[in-house]
């Protein structure tokens, strides 16, 4: 009787696992299903070769070039990672090897709090504080630069916390033996600790990249949302995510379907990043103590 | 202990799920131009007929038409006339008239713009306010997002090809545009006259520019002299229910004309 | 050669230290700046009325009571769906995948994919699946379930970690005593994993409470008091977004709402960490 | 298939011809993935006897012990060939009631393994799960089991304190009491003394010797002296061709005084030298 109770439990749990795993399938299924009309009417090539993004409801009238927005997403993400990576890794190194205990603890706490601020609050702050400042400097203010700055603030905690954790896991012997060789602190960090923590740091960077490319509203609120490939950091851009959020409300027909295509592209990019992280983790799992 | 928490949660869910049967809920979606007016009308209707609840979502005219046709919403709001392709299975009612005018910050010294200047600004030929008699400052030219009825109307009226637009920013809803232009002295945008006049009355620092010499106001729209005017319409599915019809009858009646005027739109007689 | 290295080494070390301190100060400065501007901007609009009155005039005046209620309902639906499903799945993955290895791997892999899906894409999915296909329309339940899909992988991952942290000896000891799997799970493993489950729950709650993009097209914009879960209602995040983007003169209340949201998240996180660290271990042994 | 709960209290037995073996492994092999832990083991466990499994580390003694009550099921990728019978019934049959089997064949781990409960609940929880619904009955069983392992007087004042607050030796005796309270027929002990200090170890060893006539005991030990002191039967394991093998088994006196196998002789000589 007990065993049959166990069997029953196993089936309930297995059913739950099927549902939980099935959500992924469902999400992708619906994305693909809703994108199909766009692929049927427009094909794949038009998303990259059309003259512009003016998606009227009917395929014959509209133009559907997603390329500037893909470039926008990549530029915003690359900029944010370029700024946040040194700051984030620097924050981890600072906490681990440079700051006195109390300072390190306070700084860690501050970064955790930063991680807890919701994206819409970052966007709001950017819109109210940052954009007017950039506007004074170089109008219009809502720009690639504003988006990059806000986004780098948002992903900094991810990089800092994961790097910090992976450095904390390194055995103390590394440091002791390096210092016993008479290396300075910076040489120890640069030559021994950073390379040893590299897989963890890299994981943090890639996860942060994924977060940056998927972020929607904070970027939308400060990037100006013009569909163009910007020629300077002060020009507005539109990202793939912002495009969905802006136009989903009233899109219909092929326009709507092409927004789902946008969603598919985003999902593919981020999922690819997730798999890279997994590869790194597996390859280096023997090296990460 | 966990089970108890779940049980409580579930119980809470269940109780809030079981809605009373005598309630009527109407879902209205579409044009952000009509939404504020609709919400005032809905409030009055709800206070008169308790048990009715009207939820209003904005999303643009095309969305309103599509939602009403597909049945996602009971009523769609559109601030442009139906296209032929949209006329299939829906019935439309003209609620009020509105116009589309160019709007700048209240502190902008420019008093009017000719058609050529407007086209020049929106196609990137004119980039500084000095060129149209304003102060030395770059123009922050704001366009409306794809799918907004104002965009279609504006580009049709001035004959600007979609790809020729050279804006510095995109605004979605009327309110988004209003907020941007109110906070930037060098911005220009085209907006619903009703929505803009309403904001002016409430002290928002913006001003409406006349078009072809005609003052941009509800009066001029009512008189039929403002060049860029448009109907505000409601769309329902041809098989709509009795409560929907009752509500439509109400908002088309003269009982709500004061509300329409209050929002600076022009009631249809 | 050696002396050359020696001469260069020290300035580099000092330089690195200076750079690191400057970077830390810069980040701290920006952090303080953000917090200060939210607190300074928000404090003036916070009052008892702000928390207990419904919004008026598109949120320019009045309060945020209805928004808080909608937020709470959305979060409850989200956790009500994600937590039982998540615990069951995590139990399956941690306790039973020995027998079902390929299946466990498949589920885990697909959850990894789900964890990568951007939130706006969940919004797209929810607007099609929950709002249209299941006919929920713009509603709190559609928003809550969309969020549930989004936090599911996060919750399962931390719940599974919590379950796996329960020492393996407990399982083999109980099995050696001939205790059924069911009793082992409900009496031993779940209670022992409560701190881990709570921290997973809080992580998910925090993520859900901070989310905007997935809710825009699922739970909608309506800022009135919801009467059932099938009504539309706006979350605090959507309220901030709307005030900031679409309401001229809405900034002061946007600041106020942002302050409330940030403080709320701080309280939730703080309380949960405290409970996880102090409250639960002792109770487990006593019971 | 149900196993009846053992109840008879038979006289000192160890009469290998008279009674059928309680547990019997025939041609038993166990693999972790591709790697064999042990191969081709044939061994009978006789009722009422203490059987000691001796041999070097890694020769499959512990795995063999765990395969006797199918605890190896918990290890993923673990595969068994051959049969184990308990009172003549194959324990790998699909119809086997695992819970009854494990109750009947109890197992004590090398490391004391109290559950994260109070002392009382450590005994109470398994009893309740095995259907003893009467509180008084459970209390009585708990007291008698704790007295059996001479722990009662040490803990009766603090039954509600955490089991982890006991010393290592006390914890191990608690674990044995916990198994005894379920009245098993066979008790499997996996190096029960190796994680303990010498004094606790002595106490546990005495306890095992006391169990001789009441239970069938199988004990894995590294300690040949201990095996010699307490065992009736001895089975000697050794690693050959990358897998554990049963080299020789028989009555303790025979194995220790005149082993047949060279390996056994050398191993036991190692004890002397």
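Order of writing sets the chain letters: A, B, C and D. Residues in each chain are counted from 1.
Keep this in mind: contacts are C-beta pairs under 8 Å (C-beta built on N, C-alpha and C of every residue); 3 or more make two chains touch, one makes a residue touch a chain.
Bear in mind the structure is a predicted one, so any value in this text is a computation, not a measurement.
Asker: Identify the chain pair with more contacting C-beta pairs: B-C or A-C.
Answerer: A-C
Asker: Please identify the chain with the largest separation between its CA centroid and the CA centroid of chain B.
Answerer: Here the answer is chain D, farthest from chain B.
Asker: Any idea which chain sits dead centre by C-alpha averages?
Answerer: C
Asker: Quick one: report the Å distance separating chain A from chain B, using the average Cα coordinate of each chain.
Answerer: Inter-chain centre distance comes to 34 Å.
Asker: Counting only Cα atoms for the centres, state how far chain A is from chain C in Å.
Answerer: Taking the mean C-alpha position of each chain, the two centres sit 17 Å apart.
Asker: At what distance in angstrom does the C-alpha mean of chain D lie from that of chain B?
Answerer: Each chain reduced to its C-alpha mean, chain B and chain D end up 81 Å apart.
Asker: Among the residues of chain D, which ones contact at least 2 other chains?
Answerer: Only 98-99 qualify.
Asker: Can you list the residues of chain C that touch 2 or more other chains?
Answerer: Residue numbers touching two or more other chains: 84, 180, 245.
Asker: When you check chain B against every other chain, which residues touch at least two of them?
Answerer: Residues 58, 172.
Asker: Per the contact definition, I'd like the list of chain A residues that touch chain B in the complex.
Answerer: Counting only chain A, the residues touching chain B are 51-55, 57-58, 63, 132, 135, 139-142, 224-227, 236, 238, 246-247, 249-252, 255.
Asker: What residues of chain C sit close enough to touch chain D in their complex?
Answerer: Interface residues on the chain C side: 97-99, 101, 169-180, 183, 187-188, 192, 284-287.
Asker: Hey, which residues of chain C end up touching chain A in the complex?
Answerer: 9-10, 12-13, 16-17, 19-21, 23-24, 26-28, 30-31, 33-35, 37-38, 41, 84-86, 88-89, 91-93, 95-96, 100, 103-104, 106-107, 110-125, 127-129, 133, 149, 152, 156, 180-182, 185, 206, 209-213, 216-217, 237, 240-241, 244-245, 251, 254-255, 258, 261-262, 265-266, 269
Asker: Would you mind writing out the residues of chain C in touch with chain B in their complex?
Answerer: 58, 73, 76-77, 79-80, 83-84, 87, 131-132, 137-138, 141, 190-191, 194, 197, 220-222, 224, 227-232, 245-250
Asker: Along chain A, where are the residues that touch chain C in the complex?
Answerer: That would be residues 2-3, 5-6, 9-10, 12-28, 30-31, 34, 86-87, 90-91, 93-94, 98-99, 107, 110-111, 113-114, 116-125, 127-129, 153, 156, 184-187, 189-190, 210, 213-217, 221, 241, 244-245, 248-249, 259-260, 263, 266-267, 270-271, 273-275, 278 of chain A.
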